[in-house]
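Here's the structure, in structure tokens; my notes come after.
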Amino acid sequence: MQVFLTQVLNGLQLSMLVYLLAAGLTLIFGLMNILNLAHGAFFTLGAYCGVAVASATGSFWLALLLGPLLPLVLGAVLQSMLLQPLAERGRSTHLDLALLTFGLLFATAGAVEWLFGSAFLAVPTPPALAGHVSLLGISYPVYRLFIIGVGLSVAAGLTFVFDRTLLGATLRAGVDDRAMVTALGVNINALFAAVFGLGAALAGLAGVIAAPLTSVYSQMGITIVVETFVVVVVGGLGNLRGSFYASLIVGMTNAMSQAYLPEVEMFAIYALLIGVMIVRPQGMFRNVERVA
Amino acid sequence: MKRTGILAAAMLFAAGAASQVALAEDLPPLKIGLMLPYKGVYAVPSEGIDRGFQVALAEYGNSVGGRRVEVVRADDELTPNVGVQQFNRLVQLEKVDLVAGVVSSSVGIAVSGLADKAATPLVLVNTFADEITAKFCSPYVARTSFSANGFQYNSGKYWATHGIRTAVIMGPDYSAGHSFLDAFKRGFQEAGGKIVQEIWTPFQKTKDWGAALTQASNSGAQIIYSFYAGAEAVQLVKQHADFGLREKLPLVGDHWIYDQLNWSALGDLIVGPEFITTYLPTAKTEANERFVARYREMFRQDPEVNAELGYDNGKAIMLTLEKLGGRIPADKSQFIATMRGLVFDSPRGKVRFNASNSALLEKVYVVKIKKDPAGNLLPTYVDEFAGAEDLPGCTKSF
Amino acid sequence: MSTLEVRSLHKAFGGLDVISNLNLTVPPGQRRAVIGPNGAGKTTFLNLITGWLTPTSGAVLIDGQAVATHPEEVTHAGIARSFQRNLLLEDLTVVENLRVACQAFHPCRRVFWRSKREFGDLFEQARQAAEWMHLTDILEVPVTHLSYGQKRQLEVALALCAKPKILLMDEPAAGTSPQERARLIDLINRLPKDLTILLVEHDMDVVFATCDIITVLSYGKVLATGTRRDIQEDPAVIEAYLGRRHARG
Amino acid sequence: MSEEVTIARTTARDDISPAAQVRRATFVLVGSAVLGALALPWLSTSYATTLAIEIMIAAIFASGINLLVGTTGLVSLGQGMFLGLGGYGIGIGTTVLGLPLWLSVPATLVLVATLAAAIGAVCTRTRGVEFLLITLAFSQMFYGAAIKLRLTNGSDGMSGIPRPDLGLLGLNADSPVVFYYYILLVTMLAVAAVWRIAESPFGSVLAAIRESERRAAAMGYAVSSYKVGAFVVAAVTCAVAGILQSQYTYFINPDSMSWQLSGEGVLMVIIGSTTAVAGPLVGAAVFVLAKQGLSVLTTEYMLFFGIFFMLVVAFFRNGVVEAFKSAFRSKP
């Protein structure tokens, strides 16, 4: 029972980390039809920015604040200076763009390695979040609870923006029908760049908060981005709410298989994805709201 | 008459010197390929090995028998496929005379097969998996460190006879991990200990030990006995502390779990736990003091276990080359055969080789880290025991 | 000579009936036009016949035989179609487009161990299809380099390669210039007389120039069927469609 | 070089049709390539021979991918799984089950074909980026399985994979030169087979599917079964590359199923132009040589791989071969 409870928390913590990436990835796909394979690069960049800020100032909180900034800017620039012009040039299909971002993912890992070296950088856990607490008969690291908290707050914030604000309404309209947004008189390029930047910043945030837990290394984004793909596909490409539930499913599948069926831990989530694909080959990709 | 004698002697000497010079000029530099995983999980220990290797060569002024010694570096990326490509590049393109280095056992297994077929001497630095010099032994392959069994078998016996009755073993799911922990397990069980649970995490893929630590903490064992190195070691030690297990379920292991090169990343977590090591930087032997002095001079820091292993690797090669007068015999297996005959004093103790070209450990230390009032971290001697023999399994004779 | 028969065809998307209780019979050799205002369900109707959409209920029959429900099976059953928007193999030449289309009915279509050049009869068939649509001069030109009108001709020619009993055309003249349109009308009128044709078209000139009988759809229902005169005099049709246009014109 | 110039002059004087010129030039090019390949071990260093072996194995892999990406228009990021399955197939066959190599190889290929048919049936229900993601998921699943399973010896991989026993011919395949000719033979057969398939009636259906899947269906083709067929052929070709790769290094490990490797394969195909027959060969050669050159110059392979990949996708979408062709065409 103690193992089960701890694994529920571990699964939740894992889910929230992946959700921060998946939310951005799925919005970008829904709105711009770009499968951004380089999304993991922003995770890496956020983490390294966090390391740089934390080691310069000694403050994790400052790192948490400043770490996502570079991904935010780079994301917006990438979208408006490279991807959008290529997409408009007409010759590049969204498959080309996916392949382009595949190259970008590896180039970023290489660039980071070139700048920071290939060693794994350890980031100290902030003192306020160090140690562990006892709850429900188990002792659990405070920092992991913090990750769960951050993930849930972001999810709540995004849901609020998406469901209750004008920006959210515009985004929802854009996911359903791109032409409609233009018709509403919204500057579509600015909106795209903003959403891309926001998605990148969320991935960067995930990178900063993952740093004390898993260390920082050049290929951290490549590892996590594949899991993110599973989440956005299971959740339905472009479906924000779906990706939240899918994050939970993927995180829990990972955590439970590690504890109870370690033989399958490396491929359980992929088997899950394929299962979903067989049962709903087209359906899982569609935005649930649109079909209804 | 006397003058002519002197003259003749002088001429003879000059001729001799000239011929020596001629010999050195005739022969191109000796090239040694040094293959290490300079990137990724084992980047930090590899850096240490590389430095130790340089110290050994510097001791000989980077030349032997009048020939300059050149080092050509290659990165195997901890990946057998890349290791094979790099080995081929070193041997065929760079035309190295021998290949040194190699950390990962899986890369070691891959390239030792190649060295055997290509008849190129391969002097491995780490690759502790027992089968490298047993099932996969070759007259062209030697290992200058030790085998997993040599290091860990008696460790199992030691802990079982020092108050530990039950243990969880936890390690990376690849050959070195299994070799080390299986050796520990054999020793531990033979001395009456009980392994409660075995936890294997995917090598190079695990970043979160939450699940593994949770299971271990519920097993009811007295300790976790573990082998991890590089980045994985840092993560495990940190997460072990995060889950509050330092008192309840101590993490016991070797000098890679608590690697000196990781101390800055671990902070105060390094103070306290006992672990085993093959090298004591504070050892008062002539070989060690010479090594430490030169290392400090070259790199402005203290050597640690990885540097020592790199030094042994370079030292064994230079001693062998010295014996052979700076020439690689036509039958290249004779190079390894010569190395097998070496006995030398290394910073870690006396090094000798067994019949299947594997170096043996004289002794293993149990240490713990203490912090002095000035804040310096000092490895402190607790106990010691002898290294074990290698596992049998080499069916070839050479 | 074949009859196309549609029996009480019904299609609903969600709660919306796009085609409801539609009955239609095209006798052998007839040229039938289906017209109707935007949103009348014309293209949906074609997609239902050709298996691109599955009807909620109802059936499509050729000479009394039910037609299967996958597009490729429909083609093999003898119904071929052209598309409203060009659907061509853009990077290939005209002759390769036609050759591949003919190959679908050739026993060699699954052969992977012999070169396609060994089956010379397919090139011959492709040339014949090209002749029907006046494409013989541009056989070796890649489709990307064709003019729009030529692409519309190829669109129909590809359907002819299936040697259909019934040919469905979805707005063949859509987007063409007056000259291109006249050419198309001419070519359609020269098609073999035993071919049953069902033409969905917006352009009344094309309809009147090529078809004998016209069916008017509105909101997924048949409003009227008859000759040009019958239709033009039908008050319901005038109300729904023709009236507005001709009143203005 | 001078030889080519004279050929150009004579053909110009002969005043024969452009098509015949192209045919003759192709014949000369292919002929000299084959002759050069045959003579290579005698002309150059052993390292060049080793590189040539790596290029040829990569070329087979790229040919398999090209049938899917170039001919059928299905971009997969999971072909590494079939490369790995080929290697693991003969690894398990020979070292675990103790079967002879001549039995393990066909058994492996049949198994891969069967598996690919099942996987293909699932994957080809999607298209575009969805196809890319589902193939990636399948390959990650096999990658994870290879790391976890005892049968495949986990992340250590399997060693001791045998090369063919050529004792009957009085040859030893451990010798790099003999192995080179063995690889050369298999490569020529494999590339010719894939080329023949692309040029066959079946292949022209694949091209039709690439151009317009809806049109192919309207023409009367059962599109999904052709796509599965292409998937199977591509998989078997990649498995052949995997078998050779594992024989070359004498072992196989999970890294041959990584998605970076699959991506490298796609890159080779794009470099070599997806439509040219020699595309995969050219792409593989450019890629392997560039990678080797980079590894001598710099240790930051990944940075340059990434940048190279982006540049190729953005500016060389039609491949180096096409770029060359158009350069020649624009010459007066």
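By written order: A, B, C and D. Residues from 1 in each chain.
Just so we're on the same page, a contact is a pair of C-beta atoms (placed from the backbone, for glycine too) under 8 Å apart; a residue touches a chain by one contact, two chains touch by 3 or more.
For clarity, every value in this text was computed on a predicted model and none was experimentally measured.
Of all chains in the assembly, those touching chain A and also chain B are D. Under the contact definition, chain B and chain D share the contacting chains A. Chain nearest the geometric middle of the protein is D, using mean C-alpha positions. Of all chain pairs in this entry, the one linked by the most C-beta contacts is A-D. A centroid comparison over C-alpha atoms places B as the chain most distant from chain C.
Here the spacing of chain A and chain D, counted between their Cα centres, is 34 Å.
Centroids of chain A and chain C (each the mean of its C-alpha atoms) stand 48 Å apart.
Centre-to-centre, using mean CA coordinates, chain B is 77 Å away from chain C.
Centroid to centroid, with C-alpha atoms defining each point, chain C and chain D lie 42 Å apart.
In chain C, no position touches at least two other chains. Annotation for chain A: residues touching 2 or more other chains are 113, 262, 265-266.
In chain D, the residues touching two or more other chains are 147-148.
Taken as a contact graph, with one node per protein chain and an edge wherever two chains touch, the assembly fits none of the named shapes, being neither a line, a ring, a star nor a complete graph. Two chains count as a pair here when they touch; such pairs are A-B, A-D, B-D, C-D. Considering their complex, residues 196-197, 199-205, 207-208, 211-212, 214-223, 229, 233 of chain D touch chain C.
Only residues 2-3, 6-7, 10, 13-14, 113, 117-122, 124-125, 130-132, 139-141, 143-144, 213-215, 217, 219-220, 223, 255, 258-259, 262, 265-266 of chain A touch chain B when the two sit together in their complex.
Contacts from chain B toward chain A in the complex involve residues 38-41, 43-44, 199-200, 202, 205, 207-208, 210-212, 214-215, 218, 230-231, 234-235, 238-239, 242-244, 262, 265-267. Chain contact summary for the complex, chain A toward chain D: residues 35, 86, 91-92, 94-96, 98-100, 102-111, 113-114, 218, 222, 226, 229-230, 233, 237, 262-267, 270-271, 273-274, 277-278, 281-282, 285. Those residues of chain C that touch chain D in the complex are listed here as 50, 70-72, 75-76, 80-81, 83, 87-92, 96, 99-101, 103-106, 108-117, 119, 158-159, 161-162.
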